[in-house]
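Every chain is named by a letter (A, B, C and D) in the order it is written, and numbering of its residues begins at 1.
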């Protein structure tokens, strides 16, 4: 088992003929992901490596029975690409694109809910179920199959953490980069629920950062619903305040989004918070009684 | 039994302080309908007859547990009134208002579907379950409790038909005026399903008119799904063609919306079509073996 | 509400949909001047609010000055389905390689805006719909999100192979959708949409209808209205809350509700008479409306008898009765009037009418029979 | 992106939200002229992109000419949270009876636009949120249908009793929502919204922030940008695809990814050092970016050592390595550089760096320790 993707996932790549799209399509394929097609308007009939290209997601789904897609199109067109995937009935949409206007995401959300489409991102590195499928831009070689689930708001910090786990002998069930944007798809709570229900997962690593109140909500959820051990890390403990945070954001979150508040919330939920990345594997081993 | 409304219906009136709203609120109450409140912004605390008035539908629902509403506001504000009712969780919304812009209704539909709100109208006379509740502008005295279900696209023609039934000793389970606008809420197919499942209803009268293809679709539905006897009437058999009908409408409906085509569709579905209103009770009695 | 081709194309141009260079003309002289400006060859097209103009000879290509004058002379003043051609559009003739049809309308069935596209452009689309329905692609648009770029592209891929045309088409379709919504249209068609000899898309003919219910918020659309005489009467009626359509019979009808009004016309025909009009006094009771309606009926000199058929709901029969009496006091009515009142406050209404010498009856059928009988006796 | 009060109120005025008569001034002379035009009393308000201006003495009421000159003299040139006041807004003083707060923002939790309204206006809304959260009414807006008139009215009924004010308020809230959406705002606040002595609503102070990701489609918003010197550097960086924030330490950081960049700053502090900046070179690999980043780092004279921390994903370590070598060839770098490469093409990247005399290490912790050590040795 695992969550969200596995060897049955049939992935297409939207924006496959772009620089990043074509590079990562092939990297994902090399990893062993079942990349069944790509989309690039006007390029139907071409191939990227041996991956067939289609004009529309609808055409790609009809031809390949794809059930997941990964989006590499420029920010201006990203929301449209998500709509297109959702309308074509793709169940899981991973949006790598950085710089998507927030209101584009806000406008998307009700439509996705109506269609039952799961979205990860935007501005995320994607996800990996080690040994089965990689849908994203993560470096495949750092992962190892195992029983630790990982979720993270940041990109490269995720790799750092996975590296810590792997080099310390802790394999992963699934690792998900949920993205750093204010409005994004699947978030901590949904993923905690999935990991809690996943038989392969025995412990969970949650990597947060300053800003917003997602970590506080996750802490509350863990306290109420999660029985598996969770350990956390918060990036930005020493960052200067006031950047990228308006007043109203703080009002809505009923807090100021500081690392101190988040750490307090986790500690109250019985979740230990690592100070350095290197402490994560130590804490996990403690919890798993190794 | 009956469909849509009965003695348990708790009705509010949006636009209750207007001329038509106040007149019909009291007429409905006199009929025996459980009219629990009215809405008119800025008039909270007032009463119309002994019906309490509220500023918003939300307030009215909170205070009265209303589960149905009838709308008498001007066309410009009608769609907003339906949104307000739907958002406040009212299950059944009857829109009497005539002249509502079509695109306002088109824009409403997905929202209503999302909320599971049932709408009747706009531009409709409402509905009656004789002896239990009247939600509309129909003249209550012409109805009689019984086993004939009736649905109609037109207003006063409905009264004419009901009058024919009642004066010929045929009572009604529920009579629904679905409204004459191009885009409206519940239509023949949904109501046919409800009548088919209603134990009180033994026969169904369907009153149509020229334009669109709703009657053709109803005929198809009857052929496939309805076991109870249905008789029909089509208004406008002699009307001049081409009024209010664009080319594209005809294309979409794959037909021209003429009475001849509708009558043919009904006859193919085994539904006899009356030439004059006076024939309706005769046909019903034949079908019911009276 | 309908508008002319030249008006529809003006809206297209406002939304940056490419149209041909063209000039509206009211006389042969105008046409000659326009052709000088545009350069020959040009196409001269009748501007009337009726379909089938091509078949009627209302569209002519002119390559020479002589052809031009002939075309203008033939078309101006021509009768097309009862409409006299008072103006023509002189348009630069465009060479093209392919013709398509695209149109937006409201679909009663899905309760949404539907985009239609076909490679069978340049012909009557109703014929295509009948003979080869699969040649028309239909796309239902989610009203909450509108026509998204990806959907516009999906449509364009159905018509074009070249990605340059797909992009041009998708962009054009988004504009067409936007103008449809912005103007509260009920129909917006481009037929044909062509690929010009230069390889670009252009709208060669356009057609738009609008939702009458939304005209109150579309002042610019309303300004484009050019009603015929009959329509003027209908519009005036509408402003008074009446829905009126003139017909050719001799029984004037005044009914509340469109359905009942149609059924009234039907029953007059069944009993052998001919209705002079469709007249729905609508859903709200107001004595003034009845007065206006009576005035409207009596203005038609063909009317030999009036049949008033009211089934009261929101309309109260006593108000109608009061209206009839007011109207009769204000005008010199020489023809017989048959009145049938049922429903809300019918008893009160009939009580009021007792004071007059109007014929009152109990049913529609009786009213029709009586009205036909009396019309036959009227000189 | 933030804008000044006077700019926010200009947007409000464009959407017909009532604001006071006011004039932007750059000098005491300007203020005097403005007051002459507006008539005393006036309020002089510092225009700086920082909160807490009232507490800092940046807002003064002037009833006489003397008070006016004093106020202008005191406020112009004043320092508020590190910002020097270079302009003030001179506004006609408004008598009012009540103060309210209304604001729109994006809620990460419900993933929607949220409307906030409170009768506790005119004070710091964060204080209200902390002390009396129930005094703030929150309304989640369905993005697909927008703020509907009925919902605007619901909000207005929370603040006002008088139906005239409810209608004014609902209308104003719809306009505020429209401008929020139209401009891709991330915050739009009116605080206070007042009832004037004449009984009408007016926006006395306004604040707007905008979504940086959407500036590409908001040219008019972008024109309002008035960055400080530090921000100019940040904006220049952003144009090159870099996310840069200047800090006060001596270890220059170059990292890929915001989270890792923050964790890098954290670990430098944990090991006793001080980061000189936050610098995220972003998610796409491109040698030019590394050159630009190096230039940016070395422009800060406080930097005594550079720590490059790259974990390759979409960023390829060999591209970063090439970028470092290019940068070193183009500039005369006198300070030590510690490089840590992991992930995509890390081996290739390290191979390339072997030819240089840069310090390469295997982990973040080591890199931080080494950079701190070397910074201490740099003169």
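The working rule: a residue touches a chain if its C-beta (ideal position, glycine included) is under 8 Å from a C-beta of that chain, and two chains touch if they have at least 3 such contacts.
Which chain is which protein? Per UniProt: A, B = Succinate--CoA ligase [ADP-forming] subunit alpha; C, D = Succinate--CoA ligase [ADP-forming] subunit beta.
Just so it is clear, the structure is predicted and the values come from calculations on it, not from any experiment.
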In contact with chain A and chain B alike are the chains C, D
Computed over C-alpha atoms, the centroid farthest from that of chain B is that of chain D
Chain centres from averaged Cα atoms put chain B and chain D apart, in whole Å, by 55
Chain centres from averaged Cα atoms put chain A and chain D apart, in whole Å, by 27
Multi-partner residues in chain C (2 or more other chains touched) are 142, 144-145
Residues of chain A that touch two or more other chains sit at 107, 110-111
Counting only contacts in the complex, chain B reaches chain C at residues 19-20, 24, 27, 75-76, 96, 98-107, 109-111, 123, 125, 136-139, 142, 152-160, 163, 180, 182-183, 207, 209-210, 212-214, 217, 233, 235-240, 243, 246-254, 275-278
Interface with chain C, chain D side, in the complex: residues 144-145
In the complex, chain A touches chain C at residues 41-42, 55-58, 77, 80-81, 83-84, 87, 107, 110-111
Chain A partner, complex, touching residues on chain D are 51, 103-109, 111-114, 116, 125-126, 129, 133, 136, 138, 142-144, 181, 184, 186-187, 189, 207, 209, 211, 213-214, 216-217, 245, 247, 255-260, 262-263, 265-267, 269-270, 275, 278, 282-284, 310-315, 342-344, 363-365
In the complex, chain D touches chain B at residues 142, 144-145, 148-151, 153-154, 157, 163, 166-167
